Amino acid sequence: EDIGVSMALFDDNFLTVLRNGIEASAAEMDGVEVQIEDAQNDLARQLDQINNFIASGVDAIIVNPVDTSATQAMTAAAEAAGVPLVFVNRQPINVDSMPDNQAFVASNEIESGTLETFEICKMLRAQGLGGGARAYVMMGELSNQAAVQRTKDIQDVLGMDMCSFIEVIDQQTANWSREQANSLMTNWLSSGEVFHAVIANNDEMALGAIQAIKAAGIDMADVVVGGVDATQDALSSMQAGELDVTVFQNAAGQGSGALNAAIALANGEEVEQKVYIPFELVTPANIEGYLTQN
Amino acid sequence: MGDQFILETRDLTKHYGGVHALEGANFQLRAGEHVAIMGDNGAGKSTFVRQITGVEQRTRGDIIFDGKPVHFSGPLDAREEGIETVFQTLALADDLDVPDNLFLGREITKWNFLGPFRLLDYRAMREATIEGLERTAVKIPNIRNAIRNMSGGQRQCVAIARTATFHSKLTIMDEPTAALGVQETAQVENIVRTLKEAGEPLILVSHNMRQVFDLVDRVVVFRRGRICANLDIKNERISGEDVVAYITGAKTQEGYEDAA
Amino acid sequence: MGDQFILETRDLTKHYGGVHALEGANFQLRAGEHVAIMGDNGAGKSTFVRQITGVEQRTRGDIIFDGKPVHFSGPLDAREEGIETVFQTLALADDLDVPDNLFLGREITKWNFLGPFRLLDYRAMREATIEGLERTAVKIPNIRNAIRNMSGGQRQCVAIARTATFHSKLTIMDEPTAALGVQETAQVENIVRTLKEAGEPLILVSHNMRQVFDLVDRVVVFRRGRICANLDIKNERISGEDVVAYITGAKTQEGYEDAA
Amino acid sequence: MANPNTLGTGGLAYDKSKRAWPNEANVFIALILIILTFEALGQLLPYMKGQSMLFDFNMNRDGTILNVARIQIIILQVSIIGIIALGVTQVIISGGIDLSSGPLVGAAAMIVMSFGQTELVNGQLNPKAVFGDWAFDLPVIVPIFVGLAFGALIGCINGSFIAYTRIPPFIATLGMFLICRGIAQWWTKGQPVSFPTDSFAAIGSGMMPVVWFALLAILLFLIMKFTVYGKHTYAIGSNEDAARMSGINVKRHKVLVYMIASMLAAFAAVILSSKNLTAQAGMGQFYELYAIAMAVIGGVSLTGGRGSIVGTVLGAMVFGVIQSGFTFIKLDAYYQLIAMGSIIIGAVVLDQYRQQRATAG
Amino acid sequence: MANPNTLGTGGLAYDKSKRAWPNEANVFIALILIILTFEALGQLLPYMKGQSMLFDFNMNRDGTILNVARIQIIILQVSIIGIIALGVTQVIISGGIDLSSGPLVGAAAMIVMSFGQTELVNGQLNPKAVFGDWAFDLPVIVPIFVGLAFGALIGCINGSFIAYTRIPPFIATLGMFLICRGIAQWWTKGQPVSFPTDSFAAIGSGMMPVVWFALLAILLFLIMKFTVYGKHTYAIGSNEDAARMSGINVKRHKVLVYMIASMLAAFAAVILSSKNLTAQAGMGQFYELYAIAMAVIGGVSLTGGRGSIVGTVLGAMVFGVIQSGFTFIKLDAYYQLIAMGSIIIGAVVLDQYRQQRATAG
């Protein structure tokens, strides 16, 4: 079978693992060809790619949506052409009204930010800061839904009674980037404010913050830093005692799961329409189980 | 001063940073009069023209045109008041062809109710262009070629044809025949004579002594940014050598001693 | 043809798209000879100059310079072979000042072992510039101003000074005095006379009949892209009117009938 | 040109048959070459098993020899950026540049969609509602008008800065690039806006974007070629000083040029958000670069004064063919970027080479 | 200028005291104005409680009245893009533009870091190894050399296309933009490359980027001002035809200009990946735009021929101050983009206004 895959963005570490998962499992199967395209975070381009796949006659399409609220148009395009469609990693907005030959394998983004922030909250409390702690928040690119959602999760958790002792000093975007996070953190440090935690929307920014904090000569044991993704660099940093919290999502598993579903649909088989892959919290306590995963 | 002045400047001055390109110029032009401006290279002749036509904003001084003090904010204003100019830099759009350049800014149009989107009447402009060019005797094998590809003299003739095609209250020509051949120069001089007969006033900047003596009534000499002589060559006995003496500074006219 | 030709062209031709700007030009220049090229606007004079100096690639024909057939791929080649040119468009860099333009492409430098990063000797160039400009008699209040801010004549003098400052096997000047004042023209004519005395050959494109008769040995007339006359004005009795007749096409010289 | 005399006033011999080709011809040749290359690759690459890109010799899909579906998608996928490119073309011809069109699409889409939302989705209140009750189910003219007004405002600011303060267009529109991105993100704090009314969704559904592109291309073509507006745009781009000295109101004209460009970009945003049934702050990323590239591939000169709408439309087609062609021959995404870059360079090299040949002729 | 006679050959009266200011002075004034604005905001905004941005009146942190930490970060955060801007400055002065520098940073970082990896991470084999054993723990000169060679190659391709086929620099480098992004993604199929050797990590650690920026800025300043290379760059940008007719080897020179620009961008990639201890394909996004903006804010004219390295350094400082200032006054991210766009426009408007005043004077 020919399977067309449209990824939201190639430049994303996590999505790269997912993409490699799809490619690796396709290589193991006989007669399965995957054609992976990069939507470059442009949802219009993604819709065009789906149309292109349909025009070139693929047997099924896997989409990692740029924007989960744009899935309606994609569903309609595939449905009209009768080509099976599988959404991966991000839960489409029209999940309840998808036709039979469409499915999704995804995680619920609400979990990631919540798990991260709640763990940081617990750690700060354990350090005896329950009377009042101060944190910086680093956001991803604001036009990106994951950034918006994870930031909202942080606010929701900090709004709960149990964690409301944490005061957000400032909340800025570093656009997912380690370099920008490093600059942002250095700027914050130059104001001389006391802080106890940095809550970042992803690991790259958490690592940038850590580099800046280390360069300022502050002991990493005094600061709680959290991210999302559980990348190799992040895990290595956690092993070195710098990063405190991250959140793992089984990218490779999602990739192969989506491919299997697509092939099954292409062959006219019944598949489960909704497959949720949960996020998992990673801390120094359970890191060993994740070192070789992503 | 009982005469009717079409143009008068008082203390007209222009400094570029530290360069005093034009200093206190008092100049008068009577209705129907043809005046030449002469002077060394860099004496400030073109600067004077640029101030009058609103291309640049003067440092100080007054300009009285057609009886009213004027403050042109740009060459468009000057043209709308009736001043037509052949600039030394010619002011042609390199990528456009000859008719486009000739009618730039006052195209012949149809359907004028469309405002800025009114239609161009290409055919009428082409025909009028051929006519206009023939008056300058210039030869252009294909007027639909871009100005970029024209020879120096062809370009100059286009600029002159542009000015000569439209009626005006005052015509200014800054070295119009510098790049022209023998025949073309003669034709342009004819155009100037026609203006004289029609009673239209003219300011002619030129380095060509013969041309100046043939064509104009009066010569104003610029030296080092100042007017240093005002010579009524039609009525007084003034030779080419005299004018050169004023240009080089060997002589200075009475009343203009501060220009020395 | 026993003479030594410094430059010879055979059947030199240049078409621009459909425009036949130069057609089968056979031209000879002897060592030490000064020749003028005359002709209407758009007759192909500058095109001829551009082919010789490698600014453009010819459509067909041969150029023999200093005894060898040459194929200049650009003006740099021509200059390296010893051809110095004042182009009609002047070829000045508007944003640079006068010394920079005068020495463009052959700066006075120090520390030459640094290759392209060798140091400029600003002081030496400035002094040489003042000297070079004085030969043209032009007045420039501040040579460190950008060329953009110079008057038409000042620019032309800079271009001439550039050519006159360096020795060459052949000098070409395309309408060098078009924008110049009376004094500056006289000076440039002196420069040309100096070249004559030094035995350096020259091609002068000019529309100025007096200048041509004063300065050169021979006149070549272009008409409609072809050479239509070759006039030995020093030895034959030829008047200005004759030359004009050749230019306008009233007369055609023997041997050039196809140019009619 | 009925009368040959009207062509000139004589002088040199002039051979009409040897006139230089129009520049658009070069672009057209490049387009054909690229199509043929993909066709050839389809025949030659072993894993393609002799497929054809544009033809359908079995006629099994819709009974025509052309693969209509693919031709449609080729045009469809460049229509929206193509509309932006039309506006950018006249900006570049006027000697300017517009970097703000991409982010403007994002901002305009967010704003427009907020006025085009429907009240009920699957029987429930619209979960993405931006405003309250009053903004639901508005007539479709309202979002369109709001979009065009927003575009006109942005264009007017761009143009006014460029015309009246004389700052370089690159900087004015780069500043506006950042401002529009800011507006897009600020509007709903990054939340996408979704669920348009049916009439709004109809604007960009199916092949409607192609229709809009075609209509606007024809309109702009006529304007640039036959009206005073077009002539003055060329004149300003060719030599701004000359245009000013010739008495063109350069400042007012520039404001108009940028306004039209931004209104076209805003209209593209209307179609884009309608087509995708959603608006997102990140929409339109890199559209400004692609729009400029389409224009330049189509022969528009970045120094101003030269180019045409026909060229830009052909340039847009080049883009469409490349994108579909890559998917057709199943080229890996990594190589796609490299190949795309090479083709863009190659197309312009070809154009340049032919132009030089033409003048050297 | 010891002898006043050397200034000219006479003619008009010339008043030396009224010479126009250097353009850099305007940029400097803009910089001071922006700093003062942030200082004032720190005093005036209620929630800032009268803090100061650049001063530290308590002297409690390091005993100086200046807030040294903030001044350092202001320069540090623009050093890397600043190095790119130095190269871009000479490209723009030569009349060109370089859009490929941002993606080149990404590609060069990936390649460079692959040659700068260490073998053991936390006692285990480097989990991100790109090559085999042989590429571990290489001397630091190897990755630097590889980076510069890659930069030289890309620059040579850019320059050769622009010089020899005469395609517009915008298109040549836009094509290279895509190609470099493709290379960056293809190199490890998107996997980041991490864990450099200690000596590699030292290149960009701490304040080293500032040192590099300062050294390179001085070098480029000297080159542009005092060497034949600099003069010819200005001449080509001012009037390419004139430069060619004056006998400058324009083609060879352009290749050199683009090579130097790309080598500087590649060196910036070395520093960037060293500073961040990682290389990722998406690195350097928008750097090309920011580098160009720094140059233009610093007074470099996009039409070529005008500008200076001093201006660009000041332009970079403007960026640094803006970024730190926003964090200082805790401006929301949404408004940051809008404010940044406005300040960029404002700075150039000021520059333009003062320039016009100067010539009008």
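Going in written order, the chains are labelled A, B, C, D and E, and every chain counts its residues from 1.
Quick note on the criterion: a residue touches a chain if its C-beta (ideal position, glycine included) is under 8 Å from a C-beta of that chain, and two chains touch if they have at least 3 such contacts.
The shown structure was predicted, so the numbers you read here are calculated from the model rather than taken from an experiment.
Counting hops only between chains that touch, subunit C reaches subunit D in a minimum of 1. The set of chains touching subunit B and also touching subunit D is given as C, E. Apart from subunit C, the touch network of the chains stays a single piece. Centroid distances from subunit C, each centroid being the mean of CA atoms, peak for A.
In whole angstrom, the spacing between the mean C-alpha positions of subunit D and subunit E is 31.
If each chain is reduced to the centroid of its CA atoms, subunit B and subunit C end up 29 Å from each other. Distance from the subunit A centre to the subunit C centre is 71 Å, each centre being the mean of its Cα atoms. Multi-chain contact residues of subunit A (touching two or more other chains) are listed as 10, 38, 142.
Along subunit E, residues 11-14, 185, 189, 333-334, 336 each make contact with two or more other chains. Residue positions of subunit C touching 2 or more other chains, listed in rising order: 16, 18-19, 40, 42-43, 89, 138-142, 224. Contacting chain pairs (ordered by label): A-D, A-E, B-C, B-D, B-E, C-D, C-E, D-E. Against subunit C, in their complex, subunit E makes its touches with residues 5-14, 223, 226-229, 231-232, 234-235, 237-239, 241-249, 253, 256, 305-306. Contacts from subunit C toward subunit B in the complex involve residues 16, 18-19, 38-43, 45-46, 88-89, 138-142, 145, 149-154, 156-157, 175, 178-185, 207, 209, 224, 244, 247-248. Chain contact summary for the complex, subunit B toward subunit E: residues 15-21, 23, 40, 42-44, 56-57, 59, 224-225. In the complex of the two chains, the subunit B residues touching subunit D come out as 55, 74-76, 79-80, 85, 87, 89-96, 100-101, 104-107, 109, 114, 116-120, 126-127, 130, 133-134, 138-144, 162. Residues of subunit E that touch subunit B in their complex: 11-20, 358-361.
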